[in-house]
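Consider the two complexes below, in which chain A is the common component and chain B and chain C are the respective partners.
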Partner chain A sequence: MMASKLLASALRRASPATAPPLLRRRLLSTAAAVAEPYEDSSSGVVMKGVRIAGRPLYLDMQATSPVDPRVLDSMLPFYLHRYGNPHSRTHLYGWESDQAVESARSQVAALVGASPKEIVFTSGATESNNISVKGVMHFYRDKKRHVITTQTEHKCVLDSCRHLQQEGFDITYLPVSPDGIVDLERLRSAIRPDTGLVSVMAVNNEIGVIQPMEEIGRICKEFNVPFHTDAAQALGKIPIDVEKWNVSLMSLSGHKIYGPKGIGALYMRRRPRIRVEPQMNGGGQERGIRSGTVPTPLVVGMGAACELAMKEMEYDHRRISALQERLLNGIRGKIDGVVVNGSMERRYTGNLNLSFAYVEGESLLMGLKEVAVSSGSACTSASLEPSYVLRALGVDEDMAHTSIRYGIGRFTTEEEIDRAVELTVQQVEKLREMSPLYEMARAGVDIKSIQWAQH
Partner chain B sequence: MLRLGAKKLAGLAPRVPASGPAGVLPRLYHERVVDHYDNPRNVGSFDKNDPTVGTGLVGAPACGDVMKLQIKVDEATGKIVDARFKTFGCGSAIASSSVATEWVKGKHMEEVLSIKNTEIAKYLRLPPVKLHCSMLAEDAVKAAIKDYEGKRAMSNGSSDGAKDIPLEKAADA
Partner chain C sequence: MASSAAAAAAPSKLEVLALLRSLLRTAGGFHDYNVREYTKRRALDGFRHNKDLADPSAVAAAFSDGKSQLEVAKRQAIVYSLYAPEVKNVMELKR
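This part shows the complex of A and B:
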């Protein structure tokens, strides 16, 4: 206790008290509510060796989103006094929880045009993807030995596929075009008589491109192959209709749509019925697909988040599109050599994945301490490899090292966008002044013509 | 209800002992890396055609790191009087090259050749995944000296060969 006090005062003395007034206000309004695991004195925040003036502005909505206060309001009663186990059949606590879970199930189903009976609650989209990919193939293992997916899927789908490969299944990883969209003819020709599943994500987590879901669904229907989609980034952001898309399985997540973390759902078609082998065995909850006590408060939160998303999707979309435009135009107006990764036309507008020529992404992230963005997916941002998604698009390796993903959401403000533009431009200019590649480009040297020593 | 909860938490917060002062937390970057990244020393360029300047350009854009390090040498004494760098790469690469320019200044060329990547890595506390940044800095210094020696050998006529400096071990990165 004593030591931490001493340290805090030492830090206060050591740091300059020149935080911009805007940031200082942010610190006061938000930081006080949480017991934080880092030094949070009046002079700013120190964490992982980085000192910043206040909490960074958050532009990483693809990683996760804040809980909508209205969602939290709906959840709290189920923590404090309606704490029954929804599977308790003998008393009111159980009954009211069960009712709340079923009503949340209807809210989730309504957002995707499904029947509530087709929704299974899970711990999140990763679990739903695991159940879908491994569960379907394990169930039909005698006749079906082949899975089709794409190179730009989320890690959990790719890793589940790799797991199946080790068990002897065949996997086709479809390439994508430079704008990130899967080629439908290639998909069609990849289908075999023993293909047991086609898995294509609806909205990509890194580059935000929207796959042609209806067309893929039609092809799958034609060949009578089950179609699974990871819609974690699509739910509540673009209209979803399981009938139009003809999906058999769909993975959904709560925390990407301003709901709580640790909850997700799996849509499983009833007609024609798709069957899976459960990954979790136990008390047989959720129709035996996912045993384990259903977490009522989280489920209620996800239901509320879905209902809000349904009501506000249009409004959110308009606002977020305007903010995306503001961000892109703001940056492009001040610096050149800015490339958007992935299709701009077929894209969820809350995602803007940019490459800044001649500037390395990780050093840019380090400079953008006051903006919480990522260089791709949260899973790979710690590794040195350039993003496999950008590589699949055929982005030049040097440009793949330079990408930054901006994620805009319901609570992002114009001021935050303007500040992000200002800081990005400032950092890119600083790093370009430091970049030998920029210097060469300005001197008219073609960087691709140089014989680089590969390490 | 939300506000009530927040107030309670806020009231509790000061009494909760800090779960880990900054030193205990796993860090992404050491303070020295952050310092050299925020205030890089000796950024810039010399005229690479100047006979007293040696230029080392190492790395590759595809690997995410390119370092250009230049030294200016006093021909009479063989001392490095000034150094400049430009780096495309992560924070650790920028910090490594910034440190390297600081360390070579005022030193003799032979002395500088003994600067090891491990010393830079140790000084900046680079984690294992970032060790190649310090290797690149060592390579850049060696390449710059090699370039300078080459230039001098050219101007002095090919017979007056440059001092035989073991540069080849730089290829260990």
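This part shows the complex of A and C:
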């Protein structure tokens, strides 16, 4: 094995055939970044050894969404001639950038019913979550030693909690009911005198269930505990009002709402004031909460995306709901053994997380190369482990392995949904035809009763 | 002042239809399948939604909003065409 590698590299070095393409590539300095051409208009795309006729139809809006052309339109001037540093106080370049940042701050604030002074720009929801969870607990560390969160939170909240645990803080991970909703009575009884933070996400990234935010906010108010929510998947999709929800901190993201990647925001309540220990120290930008030059083009993009979301929320919601129904009915009408993961009533309609009985999830995803979907969250889609969110719901191992998350968005068409239904049905039928489990199930054998041989 | 502004800006039926036609034509120029379909759909739905507007100032506001949207679409159709991928979306391929 090793010898063959050595031989190959020696051959490559000796072979004169490799020289010309190398030279050709050098001509353009940017060509170094392009490892190999993967697009070939005649035969489609070849990437990671898979050949696809065209660019797949995109149904993974929970991972990220395309940038809206109207958002890009607002950003481009700030990549061209309005390049000033918004913190420059001595010239026009700085002033115009500062003005743009402040107007974007108002646009973000307006969408969540906050004051612009309560919005801090960060690099994304992950950073906002880190500042919220670790920053609050570090600031109040002398008196508050306990955090309450749920088992279905995003990885960055869970990992921040784990980090706190290593520092000696106590964390309660609340279980959720089979429909994904947190039990309010359990939450209430978990609160202790030294609880410093309750962190519950608004809309789950994997299963799309909407937690009872107002009720949780009321409980937190009653016990006077700060309430943090990760609203990255909720922003612009369901109405958010920081007063109704009674949140002290809220994490927001730009690229989930047709804005640019690399920008997010943190809502921090002023009355009563919540304080955090900054994670990033430096020039004192964003009131010292998040030092570092504010990226004007990205901030402008996020502001534009928020304003658009406010205008388009009702229109988008109506459309996306209809598409979700079309997708679910289309698949359910043709195949049996399809289970929706998470509550259907309390759910953001752009998310449809389905499990297909008797098929293997990875094979299904491999077969759906023309549909860009994922098995769960993008962060964990590289692992073969079933999603921890589905396990927290109590979904059986076999069903958790076969989950697919369809994410519908502003730019999804009816034809795309129909094609996705057609391809999914085709693939599931094909895999079931090969599946001995499906044959046994049809013959009336209870799959759960099978004794699997150990190896 | 307000009445004269409204009177000056209130578009005729012909002007409104011309705006819709321009929007649809510009939408058709988008290389990206999803953006093209969205722009068409949003323009048609927007005009349908506003077709019963009676108040002249509201009509004028909607008209000027549509005009600014047309400018955005024209600019972005060019930007999108500059970076058009060589491979089309699977939805555009003949099967």
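Here is the rule we use: the second predicted complex is superposed on the first by the 414 of 455 C-alpha atoms of A that agree within 3 Å, B and C clash if a C-alpha of one lies under 4 Å from a C-alpha of the other, contacts with A are read in each partner's own complex, and residues count from 1 in each chain.
Everything that follows uses one rule, which is that a contact is a pair of C-beta atoms (placed from the backbone, for glycine too) under 8 Å apart; a residue touches a chain by one contact, two chains touch by 3 or more.
No experiment lies behind these values; they were computed from the predicted model shown.
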| item | value |
| --- | --- |
| Partner chain in contact with A:His401 - chain B first, chain C second, else both or neither | first |
| Touching partner for A:Met434 - first (chain B), second (chain C), both, neither | first |
| Per-residue contact with chain A, leading partner among chain C and chain B | B |
| Which of chain B and chain C A:Lys237 touches, first, second, both or neither | neither |
| Which of chain B and chain C A:Pro386 touches, first, second, both or neither | first |
| Chain B versus chain C as contact partner of A:Pro66, first or second or both or neither | second |
| Which of chain B and chain C A:Leu76 touches, first, second, both or neither | both |
| Partner chain in contact with A:His255 - chain B first, chain C second, else both or neither | neither |
| Touching partner for A:Val359 - first (chain B), second (chain C), both, neither | first |
| Touched partner set for A:Arg55, first chain B, second chain C, both or neither | second |
| Common ground on chain A, meaning residues reached by chain C in one complex and by chain B in the other | 39, 69, 72-73, 76 |
| List of chain A residues in touch with chain B within their complex | 1, 3-4, 7-8, 11, 32-39, 46-51, 69, 72-73, 76, 358-360, 362-363, 366-367, 383-384, 386, 396-398, 401, 433-439, 447, 452-455 |
| Of chain A, residues touching chain C in the complex | 39-41, 44-45, 52-58, 66, 69-70, 72-73, 76, 315, 370, 410-413, 415-416, 419 |
| Chain A partner contacts - residues on chain B that touch it in the complex | 1-2, 5-6, 9-10, 12-13, 16-22, 25-31, 33-34, 37, 40, 43, 45, 57-68, 86-91, 93-94, 129, 132, 136, 173 |
| Chain A-facing residues of chain C, complex | 30, 34-35, 37-39, 42, 45, 69, 72-73, 75-76, 79-80, 85-93 |
